[in-house]
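Data first, discussion second: the structure below is written as structure tokens.
Labels for the chains are A, B, C and D, by order of writing; each one numbers its residues from 1.
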Amino acid sequence: MIRFNCDYLEGCHPAILQKLTETNLEQTVGYGLDPYCEQAAGMIRETFSCPDAAVHFLVGGTQANTTVIAAALRPYEGVLCAETGHINVHETGAIESSGHKCLALPPHNGLITAAQVAAAVAAQGDDEHIVKPGMVYISMSTELGTLYTLDELKELYHTCQQLGLYLFIDGARLGYALAAPACNITPADIAKYCDVFTVGGTKVGALFGEAVVINHPELNRNFRYMIKQRGGMLAKGRLLGVQFCALMENGLYFTIAEKAVQQALRIREALRSKNIPLFIDSPTNQQFPVFTKAQIAALSQQFDFALWEPVDDEHDAMRICTSWATTDENVDTLIAAIENL
Amino acid sequence: MIRFNCDYLEGCHPAILQKLTETNLEQTVGYGLDPYCEQAAGMIRETFSCPDAAVHFLVGGTQANTTVIAAALRPYEGVLCAETGHINVHETGAIESSGHKCLALPPHNGLITAAQVAAAVAAQGDDEHIVKPGMVYISMSTELGTLYTLDELKELYHTCQQLGLYLFIDGARLGYALAAPACNITPADIAKYCDVFTVGGTKVGALFGEAVVINHPELNRNFRYMIKQRGGMLAKGRLLGVQFCALMENGLYFTIAEKAVQQALRIREALRSKNIPLFIDSPTNQQFPVFTKAQIAALSQQFDFALWEPVDDEHDAMRICTSWATTDENVDTLIAAIENL
Amino acid sequence: MIRFNCDYLEGCHPAILQKLTETNLEQTVGYGLDPYCEQAAGMIRETFSCPDAAVHFLVGGTQANTTVIAAALRPYEGVLCAETGHINVHETGAIESSGHKCLALPPHNGLITAAQVAAAVAAQGDDEHIVKPGMVYISMSTELGTLYTLDELKELYHTCQQLGLYLFIDGARLGYALAAPACNITPADIAKYCDVFTVGGTKVGALFGEAVVINHPELNRNFRYMIKQRGGMLAKGRLLGVQFCALMENGLYFTIAEKAVQQALRIREALRSKNIPLFIDSPTNQQFPVFTKAQIAALSQQFDFALWEPVDDEHDAMRICTSWATTDENVDTLIAAIENL
Amino acid sequence: MIRFNCDYLEGCHPAILQKLTETNLEQTVGYGLDPYCEQAAGMIRETFSCPDAAVHFLVGGTQANTTVIAAALRPYEGVLCAETGHINVHETGAIESSGHKCLALPPHNGLITAAQVAAAVAAQGDDEHIVKPGMVYISMSTELGTLYTLDELKELYHTCQQLGLYLFIDGARLGYALAAPACNITPADIAKYCDVFTVGGTKVGALFGEAVVINHPELNRNFRYMIKQRGGMLAKGRLLGVQFCALMENGLYFTIAEKAVQQALRIREALRSKNIPLFIDSPTNQQFPVFTKAQIAALSQQFDFALWEPVDDEHDAMRICTSWATTDENVDTLIAAIENL
């Protein structure tokens, strides 16, 4: 069985495992105050051209999202997001569990707009009976694999600044976004046009780990308390530093992401050639073909995909993911199978 | 200025004030353990034909809703409700503040259906990444003044029981619902077809106060701890008991509610006669005419309404409320003004 | 049975009931934005000589404490208080329910000191694994009826300001404190030497109600959202305004409190004359005699006290409370009974 | 610099790194549903003789503690623990952040007793104004390195069962406890005499990871939802399974723990021989000598310890930890240095 159902099926890139092995018996202080975390933070600041940003390392995405949002908001504030946003649908109410409402906006292709944000703030009207928007959360790439353009991002950030909202970019798949040929946003743009973003390691080569990069000093105040309280402070914090050092070295993070995106685009091309409709046109490592039940049955003998959404009695939208670990051989096998449908 | 903008503009029904005055200097134990609360609980049990129900008295609606929902749900559970539900839009995220997500369903005329509830539970699919529905919250009457029919209520309750969900009826305007000519639900039905409901006093004659009536023994377990923790335990709890004694005596609660509904229906009739469109066809004490801006300007010289929702550049939906305190004279004046538009 | 077991046994002072009756059928806007709340706020500002303070009205003490503390603290901050503090022992964990730890200090006679506060902050040492003190909570009078001196209060406030902590005075019994002959603090001092305090109505003549007076502008930012979210925003908010207008008019609040304290001191004198030991020497409306079980049995035939704390097999500390509603006749009867023990 | 300041200075035991490397490129399902987690759970059930227990794997201790406690308690319940308990002092209020009060009891040598638990429950007296104890939390070994005896544990569990409380054993250092010569508790006893316990990996050979073992079926209900919501569900959950497989294989967990304890006892012996007082007499891998400032200065040139607690102007209690990674050579060097003081 060849699995394409998500982008966290394997362990980590060999360069990471090697560095973990090399450093294994070194003694360092705990909780992310070690030299590896410091070095990794520096490499991230350099990669994203944000020399003054604070960088923290957390184990997972839900943890990172909850910690950032809980640190940002006052108790009566909520976070604007797409209805399809990860925090709104796939974190078991972690945000609400920290006391804050997800203020969900209807997305277009997984994306929300500056105009929607402005309208939501206007509709709330500073009425104390209604949750006050305090932050905007977007993903890059989105749950649907789509991308914000540079203009869209700039406009969102500009609107947030005008309205006194934080802008938070969930970069669980940031590598796959920035490495996509269709993306016109650079790493420096990411850091420039938001208050806080994450650099996802779990889905892009690491065993686990998300870097939280905070541009806004107020948001960073006592942030380590927040990490500890929310259960995100790893005793052997250096494990995160070591991994991000390996990922940032010589741009490995983007190299492996680019390869995965290219594989996904080859699969997209095969789907299109076969006239298989796409649930959404994704330019990144996730593809969403709408297969017939018969096609799914046929492919399922050899491949494992994720059911994304039932379309009608005869069709389901499926998700096919590539990742840093996907082999060209497996992609070739899949393409051949698609061609034979 | 004659105010019709809400149903909590005045103090309380004179019978309540009289009883508060008569009992003012009596000494009683605090926190709702006094003879008046006991008596009022008994009268509510009798009125709603639920001899085994537990009855608690809280000061306000947001408090009652939060306390009931926080008592009912496990941390990972959410509450299904209409998008327009009070808990979803007008309680500043009080439910989320207690850790729980409002799982909002698109309503039809403010109402949600058993089919929607069943579909939501099916869509969640016991996937631990998604908030699990644990309760259904409905209002009677709804925020839009509309009513569930007996069949709709039965079906909701039946579905909830099958799916292991609590059904909670927010009765902030229960009097105005049950007293409406269009309502085919009796007080006994309310108690029979849900796990917990409130009997709203604040909007129906009391100075303040909501009775929480719990039919489900598990939900009642240690409920008084919940009341105390959430700030809802009134030191001089008897003030609530005294008020509900007065309201339940000889059906005063329904008598005054019926009068208010009749007044509202007279206003509705005047609006219809004048061919003023209704935003929604409400059979209870809240009416929602769609006025032109000119009409609003004209009426606003003498009357105060609430803006409900902008309709288009030329029209706004307004809310006109009657209550136990509305005088026939003021209704006549309003009707005359509508006729003169 | 004559009850001395607490100071919230009766309804309210007749002046309040009269004013509620007079204003009962007036129409006002809701949620505390009415003219009575505005007037009452002004009277409180004048009484406490704090012209720039914000004044809010909440229904009860637990509600007020939770709302103030939740508004003041960041998620990782806690509130320093006496082990015997109301928030630490008698609010069913309401503060923790809002996410914050009570950092309890061992009190002396119910009081905590500036030195204890400074030591607690030093011990925390800005270590992100330990809850950070963000506020100091004291009561005036304390749960044990005792009083801070002006010097003690000044020193606490000075220390708080130096250490970046808010100082919060819970004034549930503020009237009984300030009206005590032993008190060397004026109303103006209260407002001058803290960031926020409450003026308790429930125990000092009102049906219910606590005024929250906020001196620190940052703490007041969006405070009404907090009130609404925590269930403390009364629909007919004017009921609170009307009551505090009556209490503040011509110093009624202090007049009735002074009478109650004098009654309590007469009882203390009777206890002393009879050589009945005092659990604590309280200068306010609560007295804590240590009776033998036989004495308790004798007195309990006519009087109801509260058991405060068992002392040994033969003795219990009891609480005797007077209040604005205590009659001289009942005090005389009690004193006679004590003399006859 | 040789570090003895904690037991999480290095990476992991080589057997773990090898197994991670071997399995690195395998594709498995995520979130702990993989074969390695299943296998590791089975090995833990066998090791602790609890064939019916549920086993979950979380990344860290604070996460595990918060998740277990939040799953166990109703909103108004608190957790009894030692004042020195990790949840009470070193988790930045994570428990309170989930809404629950730590009900701290004064410990003796880090231990609390069944009698204290019973007294706390009696003192609460089912008074709804006071947080209700719902769970007892103990550590094995404690923060001070001390151990419960089998009789003490049995009595605690028996008392908990009688009073309707859960008993939770935090086993962050469970290996070092059970491997200590002074311990008369077996792994099977641990599972037999509590409702839930953790098997700490982070401090006993793993890169990270705590196994949560739940004996009580009610506590296990929907526990995976809790893990996800609290940010503890690792995408590549198998990393935890793989590590615990390695640790449980052939008793590696206990072998490496035993070695560390023996090293610590050698250090204790050296301290005693030198008449250096012990802050507490610990039979496990943590030792707490009371050094003079001069001794600390001398040793600090070569060794890194943790300051545990200042004793007086001249003395500090320090913590010296050994771990699975401590070398005999470093222990010898330390002992020589102690002898030369």
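The definition used in the following text is that contacts are C-beta pairs under 8 Å (C-beta built on N, C-alpha and C of every residue); 3 or more make two chains touch, one makes a residue touch a chain.
Just so we're clear, the structure is a prediction, and the values are computed from it rather than from any experiment.
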{"item": "Shortest path length from subunit B to subunit D (each step joins two touching chains)", "value": "1"}
{"item": "Furthest chain, CA centroid comparison against subunit B", "value": "D"}
{"item": "CA centroid of subunit B to CA centroid of subunit C, Å", "value": "33"}
{"item": "CA centroid of subunit C to CA centroid of subunit D, Å", "value": "42"}
{"item": "Approximate Å spacing (C-alpha centroids) for the pair subunit A, subunit C", "value": "50"}
{"item": "Residues within subunit A bordering two or more other chains", "value": "75-76, 91-93, 97, 99, 128-129, 225, 228-229, 233"}
{"item": "Subunit C residues within the subunit D interface of the complex", "value": "75-76, 78, 89-93, 96-102, 128-131"}
{"item": "In the complex with subunit D, residue positions of subunit B that touch it", "value": "70-71, 74-76, 98-99, 128-129, 132, 222, 224-229, 233"}
{"item": "Touch list for subunit B against partner subunit C, complex", "value": "2-3, 6, 8-12, 14, 17, 20-21, 23-30, 59-63, 66-67, 91-94, 97, 202-203, 207-208, 225, 228-236, 239, 325"}
